[in-house]
Amino acid sequence: MGGFFGITSRKDCLMDVFFGTDYHSHLGTRRGGLAAYDPEFGLQRKIHNIENSPFRTKFEHVFQEMRGTSAIGCISDTDPQPLLALSRLGNYAICTIGVINNSQTLIEKCLNKKGGYFDSMTGGRVNSTQLFSAIMNQKTDFADGIRFAQEQIEGTASVLILKDDGSLIAARDRMGRLPVCLGRSEDGYAVSFESFACQKLGFEIVRELGPGEIVHITPDGIIQLVPPGSEKRICSFLWSYYGYPTSSYEGVNVEAMRYRNGEIMADQDARNGFSEPIDYVGGVPDSGTPHAIGYANRSGRKFARAFIKYTPTWARSFMLQTQTDRDRIAKMKQIPVHELIQGKNLLFVDDSIVRGTQLKETVEFLYENGAKTVHMRSACPPILFGCKYLNFSRATSDMELIARRVIQDLEGEEGFNHLDEYSDGTSIRGKNLRRAIAEKLHFASLDFQSLDGVIQAIGLDPCDLCTYCWNGKE
Amino acid sequence: MGGFFGITSRKDCLMDVFFGTDYHSHLGTRRGGLAAYDPEFGLQRKIHNIENSPFRTKFEHVFQEMRGTSAIGCISDTDPQPLLALSRLGNYAICTIGVINNSQTLIEKCLNKKGGYFDSMTGGRVNSTQLFSAIMNQKTDFADGIRFAQEQIEGTASVLILKDDGSLIAARDRMGRLPVCLGRSEDGYAVSFESFACQKLGFEIVRELGPGEIVHITPDGIIQLVPPGSEKRICSFLWSYYGYPTSSYEGVNVEAMRYRNGEIMADQDARNGFSEPIDYVGGVPDSGTPHAIGYANRSGRKFARAFIKYTPTWARSFMLQTQTDRDRIAKMKQIPVHELIQGKNLLFVDDSIVRGTQLKETVEFLYENGAKTVHMRSACPPILFGCKYLNFSRATSDMELIARRVIQDLEGEEGFNHLDEYSDGTSIRGKNLRRAIAEKLHFASLDFQSLDGVIQAIGLDPCDLCTYCWNGKE
Amino acid sequence: MGGFFGITSRKDCLMDVFFGTDYHSHLGTRRGGLAAYDPEFGLQRKIHNIENSPFRTKFEHVFQEMRGTSAIGCISDTDPQPLLALSRLGNYAICTIGVINNSQTLIEKCLNKKGGYFDSMTGGRVNSTQLFSAIMNQKTDFADGIRFAQEQIEGTASVLILKDDGSLIAARDRMGRLPVCLGRSEDGYAVSFESFACQKLGFEIVRELGPGEIVHITPDGIIQLVPPGSEKRICSFLWSYYGYPTSSYEGVNVEAMRYRNGEIMADQDARNGFSEPIDYVGGVPDSGTPHAIGYANRSGRKFARAFIKYTPTWARSFMLQTQTDRDRIAKMKQIPVHELIQGKNLLFVDDSIVRGTQLKETVEFLYENGAKTVHMRSACPPILFGCKYLNFSRATSDMELIARRVIQDLEGEEGFNHLDEYSDGTSIRGKNLRRAIAEKLHFASLDFQSLDGVIQAIGLDPCDLCTYCWNGKE
Amino acid sequence: MGGFFGITSRKDCLMDVFFGTDYHSHLGTRRGGLAAYDPEFGLQRKIHNIENSPFRTKFEHVFQEMRGTSAIGCISDTDPQPLLALSRLGNYAICTIGVINNSQTLIEKCLNKKGGYFDSMTGGRVNSTQLFSAIMNQKTDFADGIRFAQEQIEGTASVLILKDDGSLIAARDRMGRLPVCLGRSEDGYAVSFESFACQKLGFEIVRELGPGEIVHITPDGIIQLVPPGSEKRICSFLWSYYGYPTSSYEGVNVEAMRYRNGEIMADQDARNGFSEPIDYVGGVPDSGTPHAIGYANRSGRKFARAFIKYTPTWARSFMLQTQTDRDRIAKMKQIPVHELIQGKNLLFVDDSIVRGTQLKETVEFLYENGAKTVHMRSACPPILFGCKYLNFSRATSDMELIARRVIQDLEGEEGFNHLDEYSDGTSIRGKNLRRAIAEKLHFASLDFQSLDGVIQAIGLDPCDLCTYCWNGKE
């Protein structure tokens, strides 16, 4: 994943872009970058590895090294960005977010042209943003180039470009799977993945870009270069899982959606006659928490934090290189509150269940700490298809998905012809799936939010939502 | 404040002490330090400034520089620690936590001796741990020295010493105002301020030290050098405010105490006939949250997070030096969820109200975001006396306390003769105080937890608790 | 300028390449870089800014980050290098030394191609090595590509490439203006600008590349891809000024050449009947020193170090950014020895006189320290043409050259028709030039080495030497 | 060893003290430190490890962290300095240079006092400057304290103190073994070990302190607290070996002394009828060089640099920890000039011959590079006694001295009764010693400067010089 933030302004804006980019730190863990334009110094750029120290620490001296009345920044889970480039389109800085699934084909295509080459390599691989830029540079203006590159790419690519006149070009990916919003202040405009980053820095939200929309932004205004397309498939997981609680996408706030989602799940349990004794309802931190709050509020059951992350300095897995070390650290973040676990009946809500590996460990950790029963609720339907648009679940094969694996166990390949039934908790197959997973992962009971439930909690037209992971609908 | 952690073991223990010390990061923001003992290398020591980067980042290379089968570490809000010293007591590393109120007198006393001097100065001031050590060194064994130093000191001092045979000496402060617990594993023993640090690292809690108790610890066992005193005054704020939720002190868990405390406050509001419409109950992060959860659970009102801290990289105020900058960053951490504020009636619980300055800003921030009403509850009684044992409220004068200032406004000096009444929310004076503060800070209503309420929530013998801040009882 | 060093070996060679590259530190002050190939990890690369710390300090941790059985390194006065690239030629790391005078034209040519672009920009400018690589990539094998790029370029470009099979490709610039030598050890081969770097690391010098020669090197041997051209113009200043004293180029050692050069100048002074009293002969450090040693040895006059550089930590102008600060530091490096200056008649030899600015300051500094007279000798003829092949004199215009400026003063533009006479110290015009410069710069007397003298000191066929700066011969 | 530099001024002087301290970098390799006094901030202090980066790099950011109208700095081969201390003498910063041979006794004496302790430990050892300060603090004023400490100490201690009123106290060691000079500018005064540091920074040398003299210095003048003693024993090696060439001590310049010393040696060789063919005379860098220049100038033989140190980045042995690595680096600094060695008869002058180990390697290295003969001259007499005042030869026992070892080989213990004869090159025993060492170290011939010769070259009253290493005279 990753995120970007940019400002074009009449005043120095580097500190605001520093903060705005930092507000995207939850979206990536590998590289952070800033590019700035100053009338005197032109385009400047700085990239740091943020695996071992947070963005803020790595960039705290940037104000002595760069300055700008326009700037863009990004947090990236993959390649170093933004890149500085020179082509017929001029001098510019560029960052992209999303995923390119057919990069090998596109690279070969470029290399087959006379003189084609790539030189911003990282660990022997071509930088995705350079690949995007190499394709874009084949056209003679930015709008054509971006559209052309987005068409060539299988996957998703939103783009933020800083030109060497200080203006910005922002483009949302063709199907609008990821959000891009625009903010306005007295001195200029901001572009952001996370809406709250705009608001917190004093930019009033003007609007969100539509799918495939491309705009050119100066401190004086926004010019539409390419109008939005008619089809939209915004990723539903933005709300259930990885969007920041304080953001809104398509006008729908994340935290509020999660409360509604939890409430709907509580109602579903009530309808299903779920009446086991529950001492505390809790969320698997961090994204499970608000779903659990909604569930507790509606069900009248007590909310409690049976385990707590040690946050002061554990924001990310610093330092240690081996997987064993990283696992150890991951476990050391979760601190149990014995008094709230010992002899208690607990119901937990997690944002989703992908492979189930980590959740299994968490539940075992609760039983080791004396839990009497642990019931589990997934805030979204069973995941039956690996994401092919954003790759965020990082599944290399559908068979890594626990729901698929259990279906295979239950009735072999034949089961894959009845995925709809398995998804539906009221059908026999659906009940079998829930029971089998619960047994495997040692849950006292398990239920999933229904597809209708999650769509209702989001509250948008279902056609505008991507629900591919749950129902395979493209 | 500050905290310490140490291990004496038959195996290398530096990584465990690294993690154990890091688990005290919430207790201090200025210096971190580690000392280790290895049979081959003897005593080693490393101190870093942790104002601009967390303990973990600063110490991540320590494993290339030090090693040890015994080690101690500390997080400090004041002086660099641990110190390495040589005296008739031998070579040793030492760290202390607490506060010395009569340091000027003690320093002069030392300097008046022939040849008296101090040389571990920080910013022109004598290091508190060196002062402690200088007094301790006047005796011929550690137990005598620690007792003597603790007697000379007005304030509080718990001590952790690493001797150059790898054994530890741990001493709890004379009145047991701060906690010290002991843990045991297969390979040795641990000493910790926070109990969860022991447990998380695989040490079973053996017991907590009593007030003034001093022990000598080797991997083979614990030898009591000085038995605990009969009087105890453990700081009540450990539970209401600064202890870590996952820790227990005197057997009482922090998170569970906060839920009980919130429940008692909900009952109090019910008894008082409080019936204003409330859409959401929330806590002022971080310590207010569990009090609010308890309140919401008991009152049947909805819990919600109307504003959320941006945590991924904002654990502490890095980088910026001026107060303006620090204020700006403090504000940038709190991100509102407009949907949960706009047009809503909100009830917030804060851990305490000291000067009221920050709370006033928070409430204004909620009104700016469209809140209809904001009711406030303090999880402890009005603070009428500045802490003289631990200095944690950092009040330089009682008149900085908002309760004192409002009482002065209400009836001048005379009011200070009726502090008991002001503390009691059922008396006329008590009601006046609450009303006047609410007006001043723009609360729709205000109430404080009662002294009995907080004692009941903790559940210990009131004689063992320090409640000086609330009732002036020494 | 800049320099490169590489090894292809059967064993780990990163430490040797680290040292070998460090031995080129006198050739550049801005960027240092290393690329390595390891069968397991493939190509790896690291670049550091060396303006504020030497190469060795910046790269001392490289052994924890990279490893390789083949590696290349470079010191660069301009762009970050080596670059990693992918093209039809494969994956490779590349560094170049020299100068591209027509880069603007070449860049435009590239950009005019459909899809042409550059993305390794530094401060808004295209990286010279990327430009070279972009042109080279238009051909289908390295030899063709390098020849093609060298033909397109006005200027000079030697190239060192590390392929992703661990083999090296080395190419000397077309006219052989800069040196490239090859060394052999038991385990493989080395390529170096400075010959002593090979020798010092245990590589026996096999031979030097001829002008335009291109070779492919594996641990098993050297394969000639393109034979050397017939014409050669190696830069004479390598010996008089910027080559390292311990190196040999075309078989001629630098230090020994400088002694011979100084001896020839002493003979010239003797022939000219120069008989002023001289207490000490000295060199302007660093390159003037060996010329002065030769002069003193031959003339029988005493050699002395009347001022000495403070070297322990002043290798380069660290830290200070403003020109004033840099000037101050430059001056602080030169420490006078008053006893050897006060009341003394001094004769100094400098490597050359370009603008004369710094030399003027040095001489004033000697007079301020009490020198009675200061005679000056330039170890090469008057510089009448700015270098257009290597740019090392960094003159932006011929009129910055002091010889040109003085000629202009003496007889205006007309003088430029008599440059040969001005160069010749035995002609009237030649004598006038020497007298006028001496007056301007406050020298008691001034003479230049003659063109024949410097050629004789080098000892190579004059046709193989570039003497453009002195006689304008291309 | 080590060195210090300080200024008390009416203006900000931190940058001058930064440069002045850096000018002492040749005297130490382990720690660098600065302390400053500013009327607003009081005393400030910063210490860095300079083993891996030079003083300048480590302190380049100090101007953002400290400021001062008075400041002191030091380079130290042993302990971290300056220390900040508080005692009855007040708040002060202190640094010392020299050596304390009876530290163990003095430490025990301090610890035996009630409450005695040390807490600035480095690697388990008491900091020498703290030990000095602990003894000094037993008196009631600085002059008494310094005198008392100097009396207690066996060894040598010069002291520079910065008081918290910005004034300085400077004390030269009791026997004046090391130099301290005073400089004056318009704005204040400077104190320095190296005289050139004062001069280069614009301070006119006022005078040098006499042995044991103590002064108090403010920007307004110098007040003598303790007059100089009558006896002086300044270290002769300051001139022959470790003083900086541009400095003068007792009015005698180092570089000029070395030329005279070389001239006297050339005369001695002439007197002795030395007539071997010599192609080049050279110095073992760095201190041997000027002795060789003097020898060459007087003998009429050619001076040449047959090997050259690679200086740009090799000022010190960075990075590598093992002795093998350090040896490798030491060797890699010396680059041979084959043309000046191959088939040549060489005469080298070294500053002294202590153990002979390194010189043996150097000579082997010359023979490996093809030298025909290598004659050796030592610029001082045979070293027969290990230094007990400054420890600079770091010999742990006299039997590590090559002269002693060879005498033992020649005639056993008995030889030590004839050291005078061995020292004298004209006696039989003297000749035998020279011949035996030459054989052992593979020299074609060997001679030492005579005691009279070195005294004559220095030119001071022999009674004022310490010649203990050569003749055992205390």
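The letters A, B, C and D name the chains in turn, as written, and every chain counts its residues from 1.
Heads up, the rule we're going with is that a contact is a pair of C-beta atoms (placed from the backbone, for glycine too) under 8 Å apart; a residue touches a chain by one contact, two chains touch by 3 or more.
None of these values were measured; they are calculated from a predicted model.
**Q** Check the residue numbers that subunit C and subunit D use where they touch, and answer same if over half are used by both copies, otherwise different.
**A** On the two sides of the subunit D and subunit C interface, the residue numbers are mostly the same, over half being shared.
**Q** Taking mean CA positions as centres, which chain lies farthest from subunit D?
**A** Using the mean of the C-alpha atoms as each chain's centre, the farthest one from subunit D is A.
**Q** Compute the distance, rounded to whole Å, between the mean C-alpha positions of subunit A and subunit D.
**A** 64
**Q** Using mean CA coordinates as chain centres, what's the gap between subunit A and subunit B in Å?
**A** Centre-to-centre distance between subunit A and subunit B: 36 Å.
**Q** Measure off the straight-line distance from the CA centroid of subunit B to the CA centroid of subunit D, and report it in whole Å.
**A** Centres of subunit B and subunit D (C-alpha means) sit 52 Å apart.
**Q** Residues of subunit A that contact two or more other chains, please.
**A** Where subunit A is concerned, no single residue meets two or more other chains.
**Q** Which word fits how the chains touch one another: line, ring, star, complete or other?
**A** ring
**Q** Give every touching pair of chains, nothing left out.
**A** Here the touching pairs of chains are A-B, A-C, B-D, C-D.
**Q** In the complex formed with subunit C, which residues of subunit D make contact?
**A** Checking each residue of subunit D against subunit C gives 19, 22-23, 25-26, 52-57, 60, 196, 200, 244-246, 248, 253, 255-256, 259, 290, 293, 296-297, 300, 302-305, 307-308, 310-316, 318-319, 332, 335-340.
**Q** Touching residues of subunit C toward subunit A in the complex: what are they?
**A** 42-45, 83-88, 91, 107, 110-121, 123-124, 126, 130, 133-135, 137-138, 164
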